[in-house]
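Below, each structure is written out as structure tokens.
Here chain A shows up in two complexes: once beside chain B, once beside chain C.
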Partner chain A sequence: MSALPQPNPTSSSSQRARRQISDRTILHLFIWPTLILLILINIFPLFYSLYLSFTNYSVISNKPPEWVGFANFIRMLNSEEMWSYFALTGRYALLSVGLQTGIGFGLALLLREKFKASGFLTTLILIPMMLSPVVVGLFWKLIFNPAYGIFNYLIGFTNPAVAPDWLAQPDLALFAIVIVDVWMWTPFVMLLCLSGLSAIPDYLYEAAAIDRASSWFQFWRITLPQVAPLLLIAVLFRTIEAFKAFDVVMGLTGGGPGTATNTVAIEIYRQAFLGQFRTGRASALAYIVLIIIIAVSNLYIRQINRAREG
Partner chain B sequence: MATIELQQVEKKFGEAYAVKPMNLTIHDGEFVVLLGPSGCGKTTTLRMISGLETVTDGRILFDGRDVTWLHPSDRDIAFVFQFFALYSHMTARQNIAFPLQAQGESRAVIEQRVNEVARMLRIEHILGQRPGALSGGDQQRVALARALVRRPAAFLMDEPLGALDADFRESMRAEIKQLHIAQHATTIYVTHDQIEAMAMGDRIVVMSDAVVQQIGTPAEVYHNPANLFVARFIGSPGMNLVRGRLADGVIHLPGGNAYPVPEAWLPALQQAVGREGEVIVGFRPEAADIVDDGPLAGRVYAEDLYGGYTMLHLELETDEIIHVRTNRQLILPIDSTARFALDPAMVRFFHPQTEAAIHQEARP
Partner chain C sequence: MFKSSRGVLALLIIALALSTSLGLVTAQGVTELTILWAEWDPADYLQQIGNDYEAETGIKVNVIQEPWGSFFDRMAAEWAARGDSYDMTVGDSQWIGQAVEQGHYLDLTDFMVSNGIDKTVTPATLQYYGEYPAGSGKYYAYPTEGDAVGWAYRKDLFEDPQNMADFEAKYGYPLQPPETWAQLRDIAEFFTRPDEGLYGVGVYTQKDYDGLIMGYQNVFFSWGADWRGPNNEVLGVVNSPKAVEALEFYKELYQFAPPGTSNAFFAEMNDVFISGQAAMIMNYFAFFPALINPGVNPFAEVTGFFSGPKGPEGDRYVALGGQGLSIISYISPERQEASKEFIKWFAQEEVQARWAAIGGYTCNINVLESDTFLNNTPYNRAFADSMTFVKDFWNIPQFGELLIAAKDVLHAYVVGGEGTAQEALDKVAQAHHEILVEAGVIEE
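The block that comes next holds the complex of A and B.
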């Protein structure tokens, strides 16, 4: 190698320079920026907010945080308003995850049969999931608009004067948000179900046909149990997201009218960034939500493991 | 139990034949083996009989009833798959009970029948386990139990031992044969393993290139192969096939060998290839005897010692090697010349162009 002529002196010197950076150095160069970012915007806030949840801190006051123990938590858990927000969030989660699961699984069953342009159709169906929630919020606002929105027209209200105002009527606003969430996230459930369905080997259905099982029997005894683990994962993800529902809600109603769509996540935002900027209370509330989500997730995960084993 | 008839059954995928029109009658209680190399159409044939695959043309009859267009579930058959096809999310017991549950049998009947089958196959101790936890042999026993539990009219088995280890294969072979004898159920069994076919079948259907080459008992396909394909495919090694030239009642073989044609064969040979013409001489390794005054000779090329016997490889001339089965005491030095004679009752002749066997009595 050394005997070879080196026609370009600059390239050889740059090679030498590159060689001076060891693999280990490169490793550090890649890892540390990521780690530092993660620590700054994820890990640190996580622990700092835990500390703040035990204080009466507000970001707009010039006072340092003052330790108040469990006062924030007690206050939140004793507030009837807060319970109503939790109930609202629960209702929202139940409705929206339920519908997404039903429709998503149904669509997956339909799209499982390959037909002409089924791949293209699948891609089309996936589009809502890829959009930014802010964009979704904005254009569903237009779609729901009682004067010129297309939604009312599609469901049969051609006269704007008597048509429902989905986002302004307290009894409808929650359903409006459920509709948007279902529209946006059903494809996700469908996608997971589809991959679960395509993993079921054909020979199981052949064996079932030989065993004289009806289509219904096959669905209950083979399709559903085989797809259950993935279906439950989809439900788990969607439930977690539903408890954190914020972006689309903010874009559509901002929690209103009144408190008709005031999910817990919106309430955290209101506590933290509106009025008196109650950072401590908002942190406490955020931790309560976190604990609930962890509890619910664990229940699901237990179910998923059970579905995998039996 | 059922008689199964295939009348001009064929299958095409696009323009290509998977199975060319075939006729086959399987008698009640018979064990028929579909044998052939992979891609010969044997599995497709079995799947057409089961209804998992539609026929392109022809009719399939069960006990005289036309089932050609019936769904598999309406044919009253059981199918044992090569890779078991067990329901992975159910225990062995649930797998076996599945066909009964699908039929809406009562709990008590299911319990009793599952236990009965489990006892027969000696799998009672694994009923609570899932397929994933079982060995290949046990999985296939569970699959067999699932097939047996419904008492179907016929059993169709698609290489049921193909996915098993060699040790298991032999004992499972005996178990399946034993089950067939006990149940006396019509069974169609697909395999590419000619030893399995010989050991298990009442009759063997040899297939190749989508065509049925021969249908016969194991002895028939072994001793009287219908054509060169069957002669080569059955037996390990297959039949020795040596091209020669018939002239003056003698067949001139490679290496300067001359084989005097047995009297009884001469008229048939002359009718088939003329007084002078090419002919292929076929004989099984055990049809040749090493004797000092044998009319034929070859150079000892290699010797395989099998313990019970020795397989000699004799080179008649370059690249013309035949196999001769000999007594285990006989040891011939490599490169020495060995003389041998052929048992006249075990020599067969084939037509070099049509590749079909030439029959001793000219057939109408």
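The block that comes next holds the complex of A and C.
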């Protein structure tokens, strides 16, 4: 005679506990910790800094924020210096992103065809973007040094007395930063382009070859349109980053000589953390930059969508 | 076994009382003190002194070092958070106004006066490092590291017979450590030989913090110029003809500086000297220990030192460096007391003598005047000499903004070659005027 199975008290209690936690509760348990973190770390500071941008407030002053309306925005937008920093940042973004796009796309085209050690070469090219920007800034500072840096030597200046001082001459300092940024971030553009190129179906080229289409025609009508969405995403990311350029600039020139490389991000830092810690003004400037980035991003995204549809 | 719930309750109350009292004992027993200072040799010396304190009292002292470029940022961020991560800071002389007016430093007046500590240090160091406002008799810091800008030079180059003969033939007076700025300029020009990789003089040009301003001030003050008039007015003062002439002179000196020193401060000065690129450098005395160490400086045996030269009308000033030790007001009363105990111990003459012996620039009167101190290093006499004619930048709460307004424009002129000295100083004067009017220091 077989005995009836006895209920296990431990398993029955855990079953009861599982029954008590509904799917909805589990859903909440997963979502809310993340949401709370997001609210605390992203959403709250976003709105708090928006509030601070309308106040006269210094975080170290031991005084509460004083409501000043749009005064901070008006002050920033009426400042000639501030416009010069925006113009400088625009020039930097244009030069830097333009060169990265051109060189990155070119490199991707070269590396598209597999050859011996092409994987190794691709990995080598990717190394700069894996480095810390502060470290990059510091060692490029040594590379640019007119007395013992290798950069001047490579471009043909062997006498330090007549060699250009890249970080000290106002007309060269911005180009020095562009060179470093291009060196560091071209691999990122190349990587996105490479993934776009590898996704192009071979039959398109085969069909074009059967039609005796020229290489130029294939590039213009097949390669470029197919890669365009990813290329535009790379350009979008790099443009946003260029507007936020801080660590490399700080490491190389600190915004100098004078204010020759004082990008908007450096100016936000200076307003927020130097001197009197102008938290209100820095918040206002940060919001102006945010609006510009959103506007530029929108233009890009429209273009990306158009490229996808086309 | 407890037979009643009343017994259990009594036991709980006793346990609660015991745990609470134990907790209080722990809070009172401060076992560790943390001091924030800049990353440089004197901070290592202070750590050694702190180790002595631990050996004597059992209280561990940690000296946290932050690079100079971000030292103020780190302290200010801590002030902003009303943080108690650091019990004390060896803060820059210019910070004191801001720190006092915004309530970040503890008032040490009663403590220093009742213990006679204020009488143990030189009046100048007490005024610049400890007192705010000037002449108020209110103290917020114990003068810890006296410092000023001095000069190092290559004796082998200066004493080379060929150099001496050539220099005298060219300039009409013997080659020796300069007594005036005009002589310093001539010597800098004489030794600027790019083909040999040798340059005349290393001067401060740093833009990130106060390096450029501290360098320029040596010339600026010695030319008879100042940052403010008797009533704190700046228009026509900061941009006076003397100030303009001084700035033009400083820019001229930069022409004789080694290439690559476009954002140079103390580390870069020592670097160009040690690498044999500069015949003379300006630097704070606190950075000279490295120059007499043969393991660091190949020219250690032939390195000489002198104090700041005179201006065209005989004025002689050097820029003040150095810092005072302050207690952060946001720490607990127990930690405040423990910090005061440390300062009291540190201010003792025998501890200050040890501080000076290992390389710290004591502000203790008796130690400074002792032969032991004056003969301790080749530069201590020049240091003691310099400390009698020091001058400093503004130390009011707006000092940071005044500093930024000046350094950006002066860097663009001296390093970037933008505009003229008059235009640069006109801009600085106008910016300073606006900052001071907004702060209510002066009227429109």
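Here is the rule we go by: the second predicted complex is superposed on the first by the 269 of 310 C-alpha atoms of A that agree within 3 Å, B and C clash if a C-alpha of one lies under 4 Å from a C-alpha of the other, contacts with A are read in each partner's own complex, and residues count from 1 in each chain.
The rule is short, and it goes like this: a residue touches a chain if its C-beta (ideal position, glycine included) is under 8 Å from a C-beta of that chain, and two chains touch if they have at least 3 such contacts.
From a predicted model like this one, the values you see are computed outputs, not experimental measurements.
Partners chain B and chain C fit side by side in the overlay (superposition on chain A). In the superposed pair of complexes, A:A147 makes contact with chain C only, with no contact to chain B.
When both complexes are overlaid on chain A, the residue A:Y203 reaches chain B alone and has no touch with chain C.
Of the two partner chains placed by superposition, only chain B is touched by A:S214; chain C is not.
In the superposition on chain A, contact is made by A:I60 with chain C only, not with chain B. With both structures placed on the common chain, the touch criterion links A:Q20 to neither chain B nor chain C. Applying the stated contact rule after C-alpha superposition, one finds that A:L167 touches chain C and leaves chain B untouched. Taking chain B and chain C in turn and counting the residues of chain A each one touches, the greater count comes from C. When the shared chain is aligned, chain B comes close enough to touch A:Q226, but chain C does not.
Note on the superposed arrangement: chain B and chain C approach each other to a least C-alpha distance of 52 Å. Note: no residue of chain A belongs to the chain B contact set and to the chain C contact set alike, using the contact criterion stated above. Residues 50-52, 71-73, 77-79, 81, 83, 85-91, 98-99, 101-103, 130, 146, 150 of chain B are the ones touching chain A in the complex. Put simply, chain A touches chain B in their complex at residues 201, 203-204, 206-214, 217, 221-222, 225-226, 310.
Residue ranges on chain C touching chain A, taken from their complex, read 72-73, 76-77, 79-80, 98, 102-104, 194-195, 197, 207-208, 258-260, 262-263, 277, 397-398, 400-401, 403-404, 408-409, 411-413, 415-418. By the touch criterion stated above, chain A contacts chain C in their complex at residues 59-62, 145-149, 159-161, 163, 165, 167-170, 253-260, 262, 270, 273-277.
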